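Below you'll find a set of structures to go through.
The two complexes that follow have subunit A in common; it is paired with subunit B in the first and with subunit C in the second.
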Partner chain A sequence: MNGEKTTGGLGRRRFLTGSAKLAATGLLAGGAVTASGIVRAEGIPKELPDHSRYLGPGVTDEPYGVPSQYEAHVIRRNVEWLTASAESSVNFTPLQDLHGIITPNGVFFERHHSGRADIDPKTHRLVIHGLVDREVSFTMEDLLRFRPVDRIFFTECAANGGMEWRGAQLNGVQFTRGMLGCAQWTGIPLKTLFDHVGLKPKAKWLLAEGGDASALTRSIPMEKALDDCMVAFAQNGEMLRPGQGYPIRLVVPGWEGNMWVKWLRRLEVGDQPWYTRWETSKYTDLMPSGKAYKFTWVQEANSVITSPSPEKPLNGAGPYIIRGLAWSGHGKVKRVDVSTDGGKNWVTAPLEEPVISKALVRFYLPWRWDGKSSALLQSRVIDETGYVQPTIAQLREARGVHSIYHNNSIMTWLVNPTGEVENVQVA
Partner chain B sequence: MSRSLKLLPLALAVLALPALADPNLPKKGELGTTLKPEEVARWDIDVRPDGQGLPPGKGTAREGEQVWMEQCASCHGEFGEGVDRWPVLMGGKGSLATDAPVKTPGSYWPYASTVWDYIYRAMPFGNAQSLTHDQVYALTAYILNMDDVIPADFVLDAKTLPTVKMPNADGFVVDPRPEMKAADPCMKNCKAEVTITGHARKIGVTPEEQAPMQ
Partner chain C sequence: MNGEKTTGGLGRRRFLTGSAKLAATGLLAGGAVTASGIVRAEGIPKELPDHSRYLGPGVTDEPYGVPSQYEAHVIRRNVEWLTASAESSVNFTPLQDLHGIITPNGVFFERHHSGRADIDPKTHRLVIHGLVDREVSFTMEDLLRFRPVDRIFFTECAANGGMEWRGAQLNGVQFTRGMLGCAQWTGIPLKTLFDHVGLKPKAKWLLAEGGDASALTRSIPMEKALDDCMVAFAQNGEMLRPGQGYPIRLVVPGWEGNMWVKWLRRLEVGDQPWYTRWETSKYTDLMPSGKAYKFTWVQEANSVITSPSPEKPLNGAGPYIIRGLAWSGHGKVKRVDVSTDGGKNWVTAPLEEPVISKALVRFYLPWRWDGKSSALLQSRVIDETGYVQPTIAQLREARGVHSIYHNNSIMTWLVNPTGEVENVQVA
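Let's turn to the complex of A and B:
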């Protein structure tokens, strides 16, 4: 995303208030509020529902399944004023409605630079050339003859959270942390492909190029390419979706999503970086001094509470589970702490297995709300390198407010006495 | 010497070898179609700061003006000022350290090669790789001239382009993160006061929620 513009556009939002929203989704239908404030639903419906009496559709009804009609609100959303056109823009994963660590393919965020290419795999070629012993073109059939690997990694846009540098701006976990997804990727390690074509001694950099109309290109150091990068053709058990680079994309674990070049058509091996538009004009981080950081590849440790959140208000007093995600581009998540008082006091939240390096990790922390007090919910991740997720104040002190990318600061959700939750920043 | 002792050196030698690859895996060079240099050249469109990859051809800002008006101005503006949200390509000099930085090729981009490379591969938006090499040289010259990097009659070609020194060439440092020292995170009574400094809801730019489809 461009992300430069941080104001403007749409008029005042009419976000449904907590209780109105719950009523609208039918959760309060036939319910009652007890003396302790816990909302109780009606015990057993009086009528036998239709689905218990009549036949449902048969097995021929849905050759490729879609979620229940009651989950129709679980969709990618975008922020229209962010970019000049929908073809060069981004949409956001609905983190607030997802579970576990795997992002379903249908709601995995997309960032396109010239729209979504739709490529016939029969005519697609992957060209490898430059400082290699043999310049070669692979068909999809060629690629499928190599031994693949299956690896679970998150991918995150460098601009995730980019609208929050100056202050709390977008009221939702989807819009503030949703340029994020995690999948099991199946593909061929770059090391396998480079062993096959042979690298020349001066091979130090790799240029990856997409086959869409932006022909997006990024320079990647060969050390990283040979370490854990792969050419993926499948995501979560099925061939990549067009929006994720079908038929092949690069997987660059722990590094910014822009480098995971989609619709991959060319890998050139060289001895120095290319300084493409996407590693100079964009995806460099401007500091208050006027100097900019370049080659800001790693997505540093980050975490967020997905529920409660602005999209997931509270419904009366009682027990809740604080649900959240943590991740680190440097490796494994070691620990997640949660605060309910804006960072005065913290408790460590248990991590749910599996805890996979450079993948999303899930945490669940039981919490009890009295139904009347305000709370300030925060999560803070510490990764295996000892890196501690910073506050927005720490990040601003180090980098000012114009760097756009890599805002991995602690998010704060204000729980209001009504049960409504909103995105705020605290000092 | 017993038979087993005779075999010992062989056994040790085998142990010292790296694990043998499965002979049924693809052998080096077995898969893929070997490409001739002229085939590679058709796909190899990238250009490096040192000029590697620049094709024959040339152009000046004067020659670029007509192409600019026909192909570029509708989005980037007649003077590169940017229409609506489309990128601004002119001005911004001296703005990077201010509260309103404007990143243009002249104010921000470290290398002229990137301008050529990006125009050729991706512009005009929605009609990529439709410009001739001469047109791309001329447009690159037009943009660099708008930004006062080169004069209007400067002939840009494969020889001269790498010699163009961009104003912000020295404006970048390699990623120094993490800048913050790792400290043992505080768990109890970490601060006396917590003040809310801003509410997203009051900014009013979040897309409006649509009623759930039920």
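Let's turn to the complex of A and C:
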């Protein structure tokens, strides 16, 4: 589209007729002529709008700002039937309305098991004990005395897309891939804290425990803990929101969101995993044989087209941008391919910088729709390990249909001749 | 600090005595013993806190989330005497409480000249006219059909620190360097739009006009416009806030914030600058001779220590992290030096990744305070052009004291023996 020189292709683009001078003073009083020569005055104000004539509110009335009233549709949403209560449930990030790779804190998805804890940081403690030289209880002030790091990582619930395993077709990006967000996290590397307390020779595993009423606990191998995990206190520049574990949470880059323990109060060091309920009866992939994988920690490579999508239908023929996100828990996204015919033909989409390991990556691909044909939009990511995002059929063949977790299959959006878009599954 | 093995240095760090098992069940019922052997039970709850015993609110009550009630002090603030009315004024980013390089949209500083316009994007138009092949009025839907880019840049008001020129000593990071923010901006490069409308051979300058009641206008050389400027519609993942120019603003990387025209409604292409009031009587640097520089667009290299700072005093002897930000309108930050003795001795501080051209860069430097001595904390940035951040004395020597704008001098925080911190100017 960038090089387009014809005037016929953009029906909604208007050309001023002699009103340039008026426009130059801000007085858009004239009509307008489209490329086809038809006067189209609608939508162009006859006189200056109020916001160009009167003072707006000053700087004192919004100490903490909020989005425009015209963006009230950009909110987290939940699925009523999904879990038994609002306190043990999930809401979804409105990916279809977001841009870039930073997920705003206000719409960052939440998954709670006992609701959103509200903790006074002055009384909060992080205890480290077990196979360490010195058992320590840190205050928040203590933690802030260690050298922090800032890192951009995605986090994704293991159950993202889980409702699709058996064929449910939730009609939207938000409900099928919205248990996902990406932020710049600021925190103290676990390595720094363990250097401080001293690890005993048999220290091979870590138990992380949350301070909410569910006391969620997960086992993490020490090798991962010392590699890139951190105790985070800030997200996207400000202190964590309560729904993200304020005042501290664990960050476990590339691994399932359930392990990013929120309201973190305890780290126990041991020599073997604990096999808690959160890693046995829950968050475990059940195979067709009736057995389950012991641990499936990594969120494998995944991608989704966020627009066009069920929430972002097409409005007539013309140029569009296919917008999407890709990510991989194994490292960097290497390539994203896009298909408009259900996977028969693929075009590689350019990736927007920065491409950060274990972070969301944005891709944009210009596409022209004729305004009448159906299309089947798909994206497929390949990460730096060479792993290729699978189809749902491939996933089902490997794992059957008993699973809930780790559905990273290719999504398919059916563009109807009307411009409406549906979530479908193709062979 | 990372390698510290002694137990004497961290007076506020507590060691559990036999309560590890209780801690393991979350029951922090025991007392605690400090490194010096004194029992200190205060602050450690005798029983489980309510948030560990009862359900919190569910996922349905915060469609758009907010910070913790315990972070209510992290807000934009304004200086009452600074301008005549709240509608034509400025608020300041609470840099002292922020982390990483992303400035949250809720606390991103605002500078308005006629208050915060509230524009319905459905009726908004961007007109491009003048020395172009085709004059065009774009709707928001039109703009979203062009291929966007995502870019992380700082923006800073030219008057940031302006009150310090003549020696005012506003006591805080927020009021002396808080007309500053950094975000991931999503928008359409001006080059893309000008490729679309076609530039005539004499097109050398651009006039950008805002749609609020002040109709702020600035001239921009076409070379800069085609280099890295964009019409942005999103900031940190979501649509611009009204205070940042919703639905569209200009992004002029590295150049003074006044040029990042908000509520953008018009781009006129010409062959010479317009010399508007916003680039002549205002936003111009007055020299000692009584003459003024014609244009001073670039925000030169600058840095500030955000903690310790007047808002972030020290709490007793022990290890601290000197936290700060550095930036340069000319490109990448190359190095940041930190002094604790008013500029006599300097230590180079490690820079946190990512180091992005024309974006904020975070630095952290561990520092131990003895709890009784005074200190003079300073940071000094050097950018990739070799430019070194000047002292206020150097700036005054070059430009006198009539200026308001472009004060990028080294700030000095005096640490008193009490731990209180003051803004001072040293020779």
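As a convention for this text, the second predicted complex is superposed on the first by the 383 of 427 C-alpha atoms of A that agree within 3 Å, B and C clash if a C-alpha of one lies under 4 Å from a C-alpha of the other, contacts with A are read in each partner's own complex, and residues count from 1 in each chain.
Here is the rule we use: a contact is a pair of C-beta atoms (placed from the backbone, for glycine too) under 8 Å apart; a residue touches a chain by one contact, two chains touch by 3 or more.
In this text, all values refer to a predicted model and were calculated from it rather than measured experimentally.
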item: Touching partner for A:Y293 - first (subunit B), second (subunit C), both, neither; value: first
item: Contacts of A:R147 with subunit B and subunit C, given as first, second, both or neither; value: both
item: Touched partner set for A:D97, first subunit B, second subunit C, both or neither; value: second
item: First, second, both or neither for A:T418, with subunit B first and subunit C second; value: neither
item: Partner chain(s) touched by A:D341 [first = subunit B, second = subunit C, both, neither]; value: first
item: Contacts of A:Q184 with subunit B and subunit C, given as first, second, both or neither; value: second
item: Which superposed partner A:V388 touches (first subunit B, second subunit C, both, neither); value: first
item: Which superposed partner A:F138 touches (first subunit B, second subunit C, both, neither); value: both
item: Interface residues of subunit A shared between complexes with subunit B and subunit C; value: 2, 4-5, 7, 10, 12-16, 24, 26, 69-70, 77-78, 85, 87-88, 114, 127, 129, 134-139, 142, 145-147, 195-196, 198, 209, 213, 215, 265-266, 268
item: Residue ranges of subunit B touching subunit A (in the complex, touch as defined); value: 25-26, 28-35, 37, 39-40, 43-50, 75, 84-87, 96-97, 101, 103, 105, 108-111, 113-114, 117-118, 121-122, 125-126, 128-129, 171-180, 182-183, 185-191, 194-201, 203-209, 211-214
item: Partner subunit B, residues of subunit A touching it in the complex; value: 2, 4-5, 7-16, 24-26, 69-70, 72-73, 77-81, 83-85, 87-88, 113-114, 127-129, 134-139, 142, 145-147, 167-172, 175, 195-198, 207, 209, 213-215, 217, 265-266, 268, 270, 272, 274-277, 280-281, 284, 286, 288-298, 300, 310, 337, 341-347, 376, 380, 382, 385-388, 390, 394, 398-399, 402, 406, 414, 422-427
